[in-house]
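Dumping the structure here so I can ask a few things about it.
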Amino acid sequence: MRSPRFNHQFTVRLADTDAAGVVYFNRLLERAHEAYEAWLESAGIGLTTWMEAGVQLPLVHAEADFLAPLTLGRRVRTLLLPGPPGRTSFTLDYRFLGDGDALLARARTVHVAMQNGESIPLPERLGRMFEQE
Amino acid sequence: MRSPRFNHQFTVRLADTDAAGVVYFNRLLERAHEAYEAWLESAGIGLTTWMEAGVQLPLVHAEADFLAPLTLGRRVRTLLLPGPPGRTSFTLDYRFLGDGDALLARARTVHVAMQNGESIPLPERLGRMFEQE
Amino acid sequence: MRSPRFNHQFTVRLADTDAAGVVYFNRLLERAHEAYEAWLESAGIGLTTWMEAGVQLPLVHAEADFLAPLTLGRRVRTLLLPGPPGRTSFTLDYRFLGDGDALLARARTVHVAMQNGESIPLPERLGRMFEQE
Amino acid sequence: MRSPRFNHQFTVRLADTDAAGVVYFNRLLERAHEAYEAWLESAGIGLTTWMEAGVQLPLVHAEADFLAPLTLGRRVRTLLLPGPPGRTSFTLDYRFLGDGDALLARARTVHVAMQNGESIPLPERLGRMFEQE
């Protein structure tokens, strides 16, 4: 497995849950995206950097597998694993871990770089985030 | 009481609920705003009309009172009651009714009209929405 | 292609959008789930029916592909296509269509039937929803 | 002014924003509730404690004033100020501060204590959270 590049943490809040007593499924993807935003910020190239430069990074695909119920108050650790980048796109994998590093869920998002409505090569500072050490 | 000017309907969806088994409180305010958007659209001046004209209508205040638990699958009718408009702002009241028109909750939002970061008089087509018949 | 079994409609609301000016990706999955809830209700077996019977139908997988930007105020038609059911699980596909039936996005959710923390065969009334005409 | 009792911090995430480029109003109330949940947890009496004890603490009122636009990536500090408790209810005030402690927004939530559908006196461990030092 590729090595995780970034760690993020969250607590399951009431707003994340639904009447079935667990996390409403799409909120896990929001938590994934939150880790992605924090990862970019940690490198000084948060989403606002790109917006100001007129570069969009829209999602073209998202998916998630739910392996265990995520209940209110639970502390979860998100591992972010950057995939090998494409020329105009990039893929991020996420692992959600509970106590004892039990795997609770995983997710993936695929993004493309765009400018003026056209796909563009990944900006260099962004592409560099995906180079394996 | 001012007479309601617009009727909207929704069903409580799983995404609206939380682990306490009822609507998570801030989702009711989303349902209020949804009725406001539909009201503007019904007059041919939806939010996109204003965005394209460079006019913002940000909320400066929102509040809600919760009178009865709103459970999954429940059908709710939203009544929208426009308040007397100010020169640069307007107020909307909302009533949420269940079966037999039981009052389940109420809400209020206050908006200002802005352009280029400055408050402006309500655009005429918008102000006209608040004239009492 | 399997034939769509259910039609649902929604308007992109401000709450669905983000600072990039389009639908925040996970809200599309919420709209998919909303169509699934409405489909069950149309057959008289809404989610509350199952909750009251002690049956859970948790998602184990969700995915979405985004083909075109979904902007504020846009009216979208959701087609729901039930897949061939498994013994203890079922799959739903969704197509999101705009004007002229342009395909804007698609999604899939996979659910399992559970009771007392164990997976169970699909309840008969639910399984019948997946029989092809 | 009563002295703040608890500090919480968050970063404005893409999911918090809308097509107007700022925080969608009801998400601020979610951030307020998140601070309330963290405050209870810091005292070892998180929401799950009460749920397990069969005690509900539903909101009966919520309100917010928006004083400045909250944009993507902004770091915000939430101050929580417990109000004087009632016999069966309690009030929490929130201040949202940006750089240089500029006041960006404020909010209030009012909760009641309930058990078996009836309002009850505030549980002692909860009431103690509201005693002024």
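For the reader, a short list of remarks on this structure follows.
For reference, chains read A, B, C and D in written order, and residue numbers begin at 1 within each chain.
Going forward, a residue touches a chain if its C-beta (ideal position, glycine included) is under 8 Å from a C-beta of that chain, and two chains touch if they have at least 3 such contacts.
Fair warning: this is a prediction, and the values are worked out from it, not measured in the lab.
Looking at which of A-D and A-C shares more C-beta pairs in contact, the answer is the pair A-C. When the contact pairs of B-C are matched by residue number against B-D, A-D or A-B, more than half turn up again in A-D. Chain C has its Cα centroid 23 Å from the Cα centroid of chain A.
Averaged Cα coordinates give chain C a centre that lies 33 Å from the centre of chain D.
Chain A and chain D have Cα centroids lying 27 Å from one another. For chain C, residues touching at least two other chains, in rising order: 14-15, 19-20, 22, 26, 30, 33, 51, 71-72.
By the touch criterion stated above, chain C contacts chain A in their complex at residues 19-20, 22, 25-27, 29-30, 33, 51, 56, 58-67, 69, 109. Those residues of chain C that touch chain B in the shared complex are 11, 13-15, 30, 33-34, 37-38, 41, 46-48, 51, 71-73.
The touching residues of chain D, when paired with chain C in their complex, are 14-15, 17-22, 24, 26, 71-72.
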